[in-house]
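Below are two complexes that have chain A in common, paired first with chain B and then with chain C.
Moving on, here comes the complex of A and B:
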């Protein structure tokens, strides 16, 4: 069928272009997305409290209990013996980023189910830019949580070199980007919010425990060479090491390369997955309407 | 209301031109070779029962899904190839509620403004004007959660108009609302067509929302079974009224016989 509901025949189509978006418009868009994520975070006080309480429980209770059990030998970047609390602090920063990254994945699935996601996806800005902006927004919130944790840890007596708090910022940013990109990629594969429990079981817990967040890898190598290899294949391992070295003003180059590479890989996957012409979303999702 | 159109809508281009569009979810065909166009400053009702393909069509027009068969143009801009140009001209009210309940009305609208590159100062002025247009003055700082269904819809309409689109798509915008709210929203939209020259595609299965002067496009199980002015569709389907015509078309009794030439 190709008749028209128009009252009169439409002439030759000569589309007129609007003024292209400039840098200012792109920045307005980014600012809006970051602001919205921040506002949502502030409005969800339980989320803020739980994000802070989780690592603090590990620091105050777990670390105190295991201080005598798990001895940490002198390994780089440490030049002396360090308390167990000091050892696990970079891992706990990584844990905040990991949970936050997955939380942003959860929020994207929720937004998709609730329909909010559509408002983002029908914006005239390029889809990749919207997703990167969304990721930057998630990372900004994650980093704020990490610093809130570090302030409490400082009062608890767990202190890094003063400049370490500055040096760690780029490491937190890059690690946060990798984990948010992973969360975004996973969110494209999850059809319903209920499936998110699988992320907890298959991504967060294995990712966290098969890493040097809680114990040095040499200890794992002694216990199980196979598990050691799994730890080496875990991107989160490198995020933790990047953060750990950054606290002491050092760059773990291998970790930096792996984290940067994984960020690009996961982000590329997420952009493809959310691309309407190629993505999983088109194939997996219903329209959400009756019609 | 300050809602001046930009005027950059294309010389002689249809507000919306859907040509030979088909779409499937796996083996399930949702739309089958659908073609129609709507002119600027007209109200067109997209009629169809649940499952007719209205929401799929909206998802394709808004580029949530890519158009794999056929083409969709908004004021001459292909949605697949020039999605940015096309999406800048269209405002959308989805069937599902899309307000962020944790944010205030202002914050919801301001977020949308930023997604269209509208700066804070400009956005504040537009929001104030649109809040009045949709009769929600004084509610800017209320949480979206505290609004009724009808009020949420009004805010969603204000949001869809914030970037001054020339084409407005509304997918079952009055579903679940009481009669008074439905009538109010419909009146607001019709007024926008008259005063602002916006082209409207209004998807519904509620036939009493269609006026005699409207254009209609009727979908049935993914097929376009009729399109044209109400009077022409009624005549071609051999019915006494648009209600009867829709009933016949939806049952497949009149089918493509109701096809009307422009």
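Moving on, here comes the complex of A and C:
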């Protein structure tokens, strides 16, 4: 594969105007990207199993051990006492979305290293549309994982109100979009696949633990006011609360606002970052980017 | 957008809310000397009334007009008018009344006097003591058979259920149960008496005809030490098919099939669940949770907790209005 010849070809194709495409073409493009992501996910059985095992380990082992540790206090949206398993389930849904979003960012780095990204980016469709399509593909896969997890949890006795499973869908979608957009933005900053460990340590773990996914915020506030403020500054906190309230047919308006705002912010950042003329990836050298 | 959210919210409330039956629940709060009045339809506190010191046992006249409340530290039973919620009289209970039971004809109140090792029978109309019956040490649990002929008292230290003839006021049988029996309840057909043992951690099922224990029911909740399982209050459904047992510091209510004696489910409620009572339509069960200062509404159809409502300090007993 010749890396030096490709940019010229890209340059040759870019003059095609995206206005010339109709809705049908856009949908074909979206379908192609979503199908590719779906097929990739289905073909990687280990990925599917590991994405399911991770939250289930938390649910079966961690939650069982901590059942008695969590203090009792009824906090909205709960109207009565809930088991720890029930409490952490929305957080675990958030965890699936978080890992999945980051995994799609990993795949962007991988695609760039392997040169696959060029095939995507040389497409005459606008860059923002390609990125959003890629995110929609990532979110669809994430949501499928969340529902697979919720089915297993249901058999484990962790049940939400029946309609909650429907209400939670938009919350999962929006939270998934936010986390995918964040992943996309981060992927533009990573030079190589090996750097993904940094994302794990600096984004996923702090994001996950500094949130109400595992323990209610009032508990965190009791333990450390500083940590509580950090949790409030963490967008993942709002994603978890949005999902938690949606399970009970309620809308957490503040969380909805923060998640929607962050989605737009991260998405805008990612679009700029992936813009070949001014984005961050133009500064990457020797990594197979199109700069 | 907002209207759509409202529709969704209304839809959600309609589907997710628990059974709505308009009854009144009266809760005795042991620590702050009050009684909380709760509307079961809205699941909200309507009023809190000051009563005597250390209110514990609570029951209601069959016509729903008067509440009888053990004011343990005042050594009296208070009569409260359910319309005005004012104390309108007292009954001579003897020392430290804790639990009592009203006879099916509504005329006699049988009271356990914990410190005197006595059961006192009080005529409700004349407000006079009819008789005092010596029983075991620290009498507590009280139950009367649906035909009104037999009364059962449990004594905590003696670990016995005493069967008393309500005509002669004599103890006819004593049945040994597990340690520290706290509560007794007859099945609606009168065939059995269920007695909970707080320290023993069991419920003994006594055949009323043979006066023998026919089954000892044990409890095990995953993740909980057995010492925390301390059965106290028992409520048996009107059809006699299910028994609900409050498990004290285990914070759960056990649902028992009365045919197979199997525990079918454990329902999570507040801390130190003490007593429980059904709404007259049997659709809702209300538990008092002493340490978390609240009561929990349980939907008996789904056997799921619906909502917990904060009441006074250390809620002890609960009784529902018959109408």
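Simple rule for what comes next: the second predicted complex is superposed on the first by the 265 of 291 C-alpha atoms of A that agree within 3 Å, B and C clash if a C-alpha of one lies under 4 Å from a C-alpha of the other, contacts with A are read in each partner's own complex, and residues count from 1 in each chain.
The definition used in the following text is that a contact is a pair of C-beta atoms (placed from the backbone, for glycine too) under 8 Å apart; a residue touches a chain by one contact, two chains touch by 3 or more.
The shown structure was predicted, so the numbers you read here are calculated from the model rather than taken from an experiment.
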item	value
Partner chain in contact with A:250 - chain B first, chain C second, else both or neither	second
Touched partner set for A:28, first chain B, second chain C, both or neither	first
Chain B versus chain C as contact partner of A:74, first or second or both or neither	second
Partner chain(s) touched by A:83 [first = chain B, second = chain C, both, neither]	second
Which superposed partner A:167 touches (first chain B, second chain C, both, neither)	second
Which superposed partner A:53 touches (first chain B, second chain C, both, neither)	neither
Larger contact residue set on chain A - chain B or chain C	B
Touched partner set for A:223, first chain B, second chain C, both or neither	neither
Contacts of A:119 with chain B and chain C, given as first, second, both or neither	first
Touching partner for A:64 - first (chain B), second (chain C), both, neither	second
Set intersection of chain A contacts, chain C complex versus chain B complex	none
Contacting residues of chain B [partner chain A, same complex]	6, 8-14, 17, 19-20, 25-26, 30, 33-39, 42, 44, 48, 50-59, 62-66, 68, 73, 75-77, 80, 82-85, 87-88, 92, 94-100, 102-103, 107, 110-120, 159, 171-172, 175, 203, 205, 215-217, 219, 224, 227-229, 256, 259-262
Chain A contact footprint on chain C (complex, rising order)	5, 8-9, 11-13, 15-16, 222-224, 251, 268-271, 292, 294, 296-297, 305-308
Complex contacts: residues of chain A adjacent to chain C	64, 67-68, 72, 74, 79-83, 161-164, 167, 248-251
Interface residues, chain A side, partner chain B - complex	1-18, 21, 24-26, 28-29, 31-33, 35-36, 39-40, 43-44, 114-116, 118-126, 130, 275-278, 282-283, 286-291
